[in-house]
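My questions will all concern the structure given below.
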Amino acid sequence: MQDILSLAADNLLSPMILCFALGLFAALARSELTVPEAAAKALSIYLLFAIGFKGGVAVADHGVDGGLISALLAGVMLSFALPFVAFGLLRGLTGLSVTDAAAVAAHYGSISIVTFVTAASVLTSQGIASEGYMVAVAAAMEAPAIISALWLVSRAGSGAQRMDADLWREILLNGSIVLLVGSFVIGMVTGQDGMVRIESFIVSPFQGVLCLFLLDMGLVAGRGLRASRGVLTAGALVFGVVMPLVGALAGLAAGLLLGLSTGGVALMMVLAASASYIAVPAAMRVALPEANPSIYLTLSLGVTFPFNLTLGIPAYVAVAQAVTGG
Amino acid sequence: MQTHAAKRVEIIIEAPMQGRLTDALTRAGVTGYTVLPVLGGSGRSGEWTREGQVGRGGMVAVVCLIRPERLGNLLDAAFTVVERHIGVVSVSDCEVLRAERF
Amino acid sequence: MQTHAAKRVEIIIEAPMQGRLTDALTRAGVTGYTVLPVLGGSGRSGEWTREGQVGRGGMVAVVCLIRPERLGNLLDAAFTVVERHIGVVSVSDCEVLRAERF
Amino acid sequence: MQTHAAKRVEIIIEAPMQGRLTDALTRAGVTGYTVLPVLGGSGRSGEWTREGQVGRGGMVAVVCLIRPERLGNLLDAAFTVVERHIGVVSVSDCEVLRAERF
Amino acid sequence: MQDILSLAADNLLSPMILCFALGLFAALARSELTVPEAAAKALSIYLLFAIGFKGGVAVADHGVDGGLISALLAGVMLSFALPFVAFGLLRGLTGLSVTDAAAVAAHYGSISIVTFVTAASVLTSQGIASEGYMVAVAAAMEAPAIISALWLVSRAGSGAQRMDADLWREILLNGSIVLLVGSFVIGMVTGQDGMVRIESFIVSPFQGVLCLFLLDMGLVAGRGLRASRGVLTAGALVFGVVMPLVGALAGLAAGLLLGLSTGGVALMMVLAASASYIAVPAAMRVALPEANPSIYLTLSLGVTFPFNLTLGIPAYVAVAQAVTGG
Amino acid sequence: MQDILSLAADNLLSPMILCFALGLFAALARSELTVPEAAAKALSIYLLFAIGFKGGVAVADHGVDGGLISALLAGVMLSFALPFVAFGLLRGLTGLSVTDAAAVAAHYGSISIVTFVTAASVLTSQGIASEGYMVAVAAAMEAPAIISALWLVSRAGSGAQRMDADLWREILLNGSIVLLVGSFVIGMVTGQDGMVRIESFIVSPFQGVLCLFLLDMGLVAGRGLRASRGVLTAGALVFGVVMPLVGALAGLAAGLLLGLSTGGVALMMVLAASASYIAVPAAMRVALPEANPSIYLTLSLGVTFPFNLTLGIPAYVAVAQAVTGG
């Protein structure tokens, strides 16, 4: 417990989290501080490329064992299953319509790559190793949850879902999946040779870039919270912190079953606990336009993301350490 | 300078729907359109701004100049896409140069 | 397709005034507007371009579709904001789909 | 609010021609214009998008509000620039505030 | 004198100043070379974050002594006072209207953070130490000058100033103040621990980033100069180089009274000598729309900024060294 | 031969080329992955600045010998001459109109700076030295080809060329020429002193930045290929791979005549073999608007650029090594 608290304090006082807090503060105080959209996208391309590449190099170093496949499968199953849990919780805790509840559920089955990146950098700075292929698991968990959500809606008969071929392609080939998987493969192919060439671009400045990116995430989250005051009921807020804990438990179980390392278990918890705010919202606007975007964006970006970033990650890491004895 | 009567249709729509809209327009026989970026806005679904967004959110404005006799087709096509979505459609009269282009 | 007469108001104004303008529009009962970025322009106060600017300078275009009967209100509101400032206001007739949105 | 009849000319043209167009407009006595960015579009010469472009490609939209009596001059000037180039020109009626500015 | 000249030559032939000159040349020659707006904003966010953070870490290292508070107060007073001097000079040297003169005066009471950043990097490369909290002084000096300018206008009865609550918030929470103060606090809180994590992002590439940023500043300044040929009278030009010298003297006096280190005195001179071209212009557009932006932008960005960058900074550093014996 | 193959394999499996391939794949699969325009421009500014500066520092280190002038002259002559060869080949191989053929020819006389940058980084990673002034040669080769192309059109009487003073200025002062020459001069003036200051910005992260830039080039090339399916005939495709070989031979001859080092010969081959897709297309839109942009962009960016990047560069380097015995 002592350890968890000191770890949490360490995490809370890291430049990354403080940058997020600064962004949140600036947005809530209505400062006109903004990060240009193009810069934010460029930063996210950098982060995705760097994390994917590093994962690939790690796999190249250690060889691909059977763990990769089973971890991918576990991730896909979690992404399929978690929306049902989330949907049940939402229908119990809130008065959201079937469509809105299903849309929110899709976000929680999918993942937040920035939460993953932040957790990975916390692990690195604490010297805890993890499986390089967790990056591929992250990519695999982005999309399945969307299908579960659409199935929930169609079962309730409310609103025809529109899963045309175009939407499938958009979801499966969305920018972050392609970049993550692509750079993972590039890292695997080029291995340490490639790493040596671009190390001083993707390794040394990584945490600094993450700081600026989290500053922007704080700004976006804060603006979202301000714009949607009153959108969330107390029940929805409770969901926003309970669901990540439920997800983390599911991730813990999966990680232990798979026999992952301490870092791997922590990352699996983080993936299951985190909620998407890039790929899934775009898919929902196409497939479930009747669902209110303020609800799912505010919950995932305004409540769960900050929760995971500040309290969640240190807790998940500590639990993973305690349980795996790592 | 010889000008010709035409219609200017302006559709403000969510960015993830842009491709579907322009595909529908093309199917409806529209020969050209222009897409303008949108910084932000406000409507029934609240206020939003593009700044700092990471995803493919936000809106775009699609402007389409067409011969008046094609307006009905275009609006039908646009409507099927916009129908369930956030967005606005407006039409105004205009004159164009080089009518052979439309 | 059923359309309804409306007015399209386009206000080109300095970026630092954008918030004040949209607040004034909202107070005047306007239910929606869209903000488009502007790259540059020229007018009585000279030529300017957005490229490389660091501050919050430049201009934006605010487009507003409204029912004709609300035009007077809107123009009054816009005028109080624009009055002492660089910028232009134009109004044209248009037709909109889904009138219940305006 | 007192308004005055005017024309709104919208010219969508290749970015490398922007300077030549605005110079021609200025020579034709136009006192102001606004340049808006364009994200992409489609026309007789195919579809294009601005994303990821490195060069000075793409198109821009130049909007020009003028007194009706100057329209002929403006269109002649614009036409000489646009003539051999990709692009569209449209004109619509509008009303402006503060006519002394035009 | 010998030293000042060789220092000036050193400064003039640094990559930073040459980049600025390149930008200036390109714009005056009407090259279409441009830095995208989003990139320029991203660079400025980087610079503000890095300089603020480093200042905070420096304060964390040395502890906050009473110097911080008195330096802040001195900065605020300078910012309040300098517009009156500037206004007097302008009314004497030029035929500017009260409104235009007051608007220009506001710029010269406030500060240019890029000039500050460049000076800080000149000090670093010469191994001259300075107080980390000078960054906070810079932030404190941004706004007060605006109030003096509006008071000058209202006293003359020409044009009601419009200081509504919104404008106050915009000025006090403008992007650069929030980012500078925020990253200063983050640096103070995380100290060397935080520095180690992001050093290779904010320290090593700093001067290179500054080069590209100054390239863009040169382009912007050059385009401004070209667009406003003939806007400035000879008197105004004289003001543009005399006022920074007057400001630098005031800064020198303040720095000596405060007992600052050699570097601190130099930075105080630089702050007082520099003129704003980001925060104040935006505030002027709202509060004094009748003032002609070409005049104040051309003076501050086209005349005083290049003057300080090329001749001013080395002179101020040399004087600070001579006077403090540092 | 063995060597060429292993060099080619090495090159093909470098992170840079794989990033280009990833971009190509993403665009052809219609993924919505995109690099914002502003970010792409910022990356290209970085690359131009870094390569120019490094070239200038290299010249400062080794002194300017007569080689610079003669290499510049040779480059200009190649740029003037190659369009005639290209035009002849095109008229033989394809049914393109005079205007279209001339426009394409202009691109192949000019150069692709990204191909140059990639080749320079391949040389660096193989420890092959080259003349620093090759950067200046690259800049000098951008424009002359345009004149040859316009002369070809006017000779055929088809379409009045419009070379007004404005266009001249635009071509000679286009962004990449100004930046390349400017930073070359800055590097020459500041030499190793300047290099030390900004090395960790322009040297260490260079290859990583190049990766992201080539990712975007792949995306742009792929989108171009997709949009212009069917535009190119088989003859045009043949031209797209034969012309770079012809150019490389001409470059080889020039390099040997000039007595360049192994790296210098390789770079001269690369310059002559590469085709412009930034400066020349913009000039063609103004001067030869009747020429179809899909043809010249698809050929230069969709065919020749990938060819040079993957097979061309290793081949040219190997030939240069074989011939110079380096």
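All chains are identified by letter, namely A, B, C, D, E and F, in their written order; residue positions are counted from 1 within each chain.
The rule is short, and it goes like this: contacts are C-beta pairs under 8 Å (C-beta built on N, C-alpha and C of every residue); 3 or more make two chains touch, one makes a residue touch a chain.
In UniProt terms, the chains line up like this: A, E, F = Sodium-dependent bicarbonate transport family permease; B, C, D = Nitrogen regulatory protein P-II.
Computed from a prediction, not measured in an experiment: that's the story for all the values here.
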| item | value |
| --- | --- |
| Contacts common to subunit B and subunit D (chain labels) | C |
| Length of the shortest touching-chain route, subunit B through to subunit F | 2 |
| Maximum centroid distance from subunit B, chain identifier (CA atoms) | E |
| Chain whose mean Cα position lies farthest from subunit C | F |
| Chain centre separation (subunit A, subunit D; CA means) in Å | 45 |
| Averaged-CA centre spacing for the pair subunit B and subunit A, given as whole angstrom | 34 |
| Whole-Å separation of chain centres (CA-atom averages), subunit D against subunit E | 38 |
| Subunit D, residues touching no fewer than two other chains | 36-37, 56, 92-93 |
| Per-residue overlap in subunit F, given as positions that touch at least 2 other chains | 32, 34-39, 41-42, 170, 175, 200, 205 |
| Touching chain combinations (by label order) | A-B, A-E, A-F, B-C, B-D, C-D, C-E, D-F, E-F |
| Complex interface listing, subunit E residues touching subunit F | 13-15, 18-19, 22, 25-26, 29-39, 42, 125, 200, 204-209, 211-212, 215 |
| Residues of subunit D defined as touching subunit B within the complex | 10, 12, 36-44, 59, 61, 72, 75-76, 78-79, 82, 88-93 |
| Complex contact set, residues of subunit C against subunit B | 1, 3, 6, 8, 22, 26, 31-37, 60, 65, 92-98, 101 |
| Sites on subunit A touched by subunit F in the complex | 36-39, 41-42, 45-46, 49, 53, 169-170, 173-175, 178-179, 182-183, 185-186, 189-190, 194, 197-198, 200-202, 205 |
| Interfacial residue positions of subunit A with respect to subunit B in the complex | 34-37, 40-41, 44, 166, 170, 175, 216-217, 219-220, 223, 227-228, 277-279, 281-283, 285-286, 289-290, 292-294 |
